[in-house]
Amino acid sequence: MTKKSKKIHKESGVSETIGYIILFGIMTTGIALVTLYGYPVLLNEQANANVKNMERNMIALQSDVKSLNFKNVPYRENTLQISGGVFKVEKFSTDTKYFKVINETGNYQLIPAASFPGNEFHPGQLLFISEKGDILVGLQNGAVVKREQGGSTMLSEPRWFIDSSGSDKILVLIFTQIDSDADYAKSGIGILQMSSEQPVEVSYLLSSASPIRIEYHDTESDYFSAWRNYFNTFSATTDSTVTIPSVKKVIMKFYKVKILGL
Amino acid sequence: MVNENGVLYTIEGVAAGVLMITTAYLVVSTTVMFTPGDSHIIDMQLEQLGNDVLASMDTPIRYGDPSPLELYITDNDSSGFSNHFLLYANTAAQPGFGRIKFNSTVYYRKDADVGSYHFSDSGDIMTGREHMVNVNRRVFVKDYTNPPPPGPDDRPQSVLLEVTLWRD
Amino acid sequence: MGLIISVSIFLLAIIVNQSMLVGQTTSESVLDFPKAEIQDIRNEVFRYRSAEVDPDPIQADIETLTLYRKSALVDISNTSERLTIHYNNGVTYYHEVIQI
Amino acid sequence: MWIEKFHYWVFHHTDDSGQLSIDFVVGLSIFMIAFIIVSTMSAGLLVGLQSKTIDYDAVAYRTGVILAEDPGEIDETVGVAYIAPDRYAWDLIYPDYYPAYHEANMMRMGLAMPRYYYDIPSQIVMSHKTEQFFDPSKYERDFYKDKIIFGDYPYNYYITITPLDGGQSKSVGDPVPQKQQTGYIKRVVMVKHPANVTLNVFDTTGLANGEMTVSFNFYNLSSRTPGFMVYPSLERSIINLTNFSTPTTITSVKACSPTCEDTQPTTPTIWIKKPNGEVWRAYQISPLGMALSVENGTLIEVDPGYLSKRYFPNLGPVDKIDVKMVFSDPTLGGEKDFSYVQEVSFNESFHQPNLTAAVLEAWVW
């Protein structure tokens, strides 16, 4: 009995109300702090994850396009989860982004006007625009490009190459155009269905080794620096134009990927 | 005092549970991504199989003979090719894989142009929406005895046999 | 307890998040590497060499068809003492010189 | 005093404990349910990370490539070159003769033809290698893991070969689990079989003296394209003896390069296989006091790896090794040149069987 009375005696010195208030205060502060700092971090993380997800998706799509182009698979489909933005198909005729290829000796346009009016190759693109609109991820002309905070980078390069193993320098340029019958745009889960069409192959054996200029035009300058940096791997350049010296043979293949559904 | 103890225990359990589930849900929903199914594995296996089958068929079984594949193309023997191809492609030690189906085309060079003709298939109607892979084999044809019109030139040549294959 | 689990899940989530950046799978790399193409071209070269026919039109066949269907450059040169096989598809570069 | 204590104990404990445990159970069970849900979720969270099936498939692919396209490899720097002719010849080290070298120095067990020539077709495997590989008495289960599967993770495997000419399929490994994801690869290969020759032992010229000499002429045997060439030093060679008109016995088999000596007492060696299924070593037949009776269809089989520089150190690349058989009947025998062309009498010609197709499959989990 003495123990119990001692216990009671001790408890009586503490105010339950004050303790409750202290505990409640700590809890409220904690919740407030988490809401204030934790949640935005989480949301930001979510937005990042969405963009990363889309980058991955675009690279997966690029490998599907490669299968269509280089492996001659007639049809491909890929399931995409698009969150935190919109995925859309920009078919080739509607954009202001295009490529030109010029033989500087005599200033000849090398992209055939018969298939591509004005000797301009408009690739079109598969485009993801993030919710706030500040990040673009595009599959354009066989490359995966990303625009962010005023600059752009190339996440995965197209298959262009120079072969100089023999006595002659051969430049191989592979172009991929996106075509579709309808304007598709999607958020959520979509199945992108693609089919390939017969490519156009053009090959020039130049009478003498000549400089070849490749130009990328982009009025919005969305992917300007991405292409400039890629062009730099061929020859030094400061803008989205590159001149590759002493090319003897130019081979260009123009693939067309048709989007059948999303 | 007894009552207080009890209430506290239950509330703690509920609170911990709610907290854990909410956190897990938030974390899972923000980070888990929908990854496109690993179709590449199927592609890789199917491509390897197709390449193997064509390479085996293009190996002469006896010294000095033409390969079976060369003979099928020379004679334009599409059913012979189909039987041979499907035997190699569908044999497996354990059942459980879908049957292989295919469609094949021969590409040949005629001067500066490239021509093609349909060669053989497994007799299945292709909807165009299958999950397909495409394999090819360069076949040396010494002499076309029965070239399909308009047809390749009559000369020893190397043609490209392309086979598109898919499973059931 | 809940806190510990939440924190550990969060850490795991970060790891998962990092692993997601690895886009390329092994099978994709296998598919990208044109092993079968190169073996096929080599085999074809040996085949027509042993058949003792004029090699030039057949080399043109292989080069044209590979460029047309596969967008890859092939260059074969075939002399009595040396055989050169060159293949380039922009990603994989293969060059073989065989002294006969 | 003790009553007071007892009363205190009863009072306090009966008072709290009943209610406490019920509340505790409720709280704990809610917690446990939530915990289980969360742990299930977190297990799912890791699925993308481990991606084991991708790994299994990649490992299966690698195993398939090693088996179908790689001749295998042994470490020749530690004296194995002394045993076997070259670095591809993992299949030519015989465990009963060199047990220590056998396992320690083998690096990979590929089934493909050795790459001696640039134009060896990529799809051809050798039949004695597959026999050896799929022989359950030859290697330990874990040995395969080291030599064809690789990796630190202890993978399980099942590898099988199914001949398409109606032969028996063979396998190594554990049964494939039905309820688990496994990596899988299927390869189609062509199998090169051992060369054989059917010899007429009766000599019409009467100059035989009961001796028959079969020459393995290395130069003559290397005239074909590599895929169809016979490699007497690497492959099994089979000599089929026919046309015994009277019952006879064989008294000795010797190998000569150029001097004749007894064949090896251990593998690799030369075997005498009788049609009734009896198998004898060719090593010193007569000292055992029982000259071996032979009849039509008796096979003389030379093990792969025996007719090589290891056992015949004076051998050059274009030389020959003779196998000399002595019969008790003097009307038998003759000179037989083992090559592709019919240089010898009685229309005996060397025969390389056709290549046959086989399906090679590997499961890894």
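Labels for the chains are A, B, C and D, by order of writing; each one numbers its residues from 1.
Quick note on the criterion: a residue touches a chain if its C-beta (ideal position, glycine included) is under 8 Å from a C-beta of that chain, and two chains touch if they have at least 3 such contacts.
Being a predicted model, the structure only gives us computed values, none of them experimental.
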Can you give the shortest number of steps from subunit A to subunit B, where adjacent chains in the path must touch? 1
By number of C-beta contact pairs, the top two chains: B-D
Just the number, please: Cα centre separation of subunit C and subunit D in whole Å. 30
Taking the mean of the C-alpha atoms as each chain's centre, how many Å separate subunit A from subunit C? 25
Approximately how many whole Å separate the CA-defined centres of subunit A and subunit D? 50
Subunit D: which residues touch two or more other chains? 31, 35, 38, 42, 45, 48, 54, 57, 61, 121-122, 225
Two or more other chains touching the same residue: where does that happen in subunit A? 45, 49, 52-53, 56, 60, 63, 72
Residue numbers in subunit B touching two or more further chains are 16-17, 20, 24, 27-28, 30-33, 35, 38, 40-41, 43-44, 48, 55, 136, 162
Please output the residues of subunit C touching subunit B within their complex, sorted ascending. 1-3, 5-6, 9-10, 13-14, 16-17, 20, 25, 27-28, 30-31, 36, 39-41, 43-44, 47-48, 51, 53-54, 57-58, 60-62, 64-66, 68-70
Residues on subunit D engaged by subunit C in the complex (per definition of touch): 31, 35, 38, 42, 45-46, 48-49, 54-55, 57-58, 61, 118-119, 121-122, 225
Sites on subunit B touched by subunit A in the complex: 26, 29-31, 33-37, 40, 43, 128-134, 136, 162, 164
Name, in rising order, each residue of subunit A that touches subunit C in their complex. 45, 49, 52-53, 55-56, 59-60, 63, 66, 69-70, 72, 159-161, 163, 165-166, 170, 172, 174, 201, 203, 251, 253
What residues on subunit A touch subunit B, complex-wise? 42-43, 45-46, 49, 52-53, 56-57, 60, 63, 67, 71-75, 77-81, 189, 193, 195
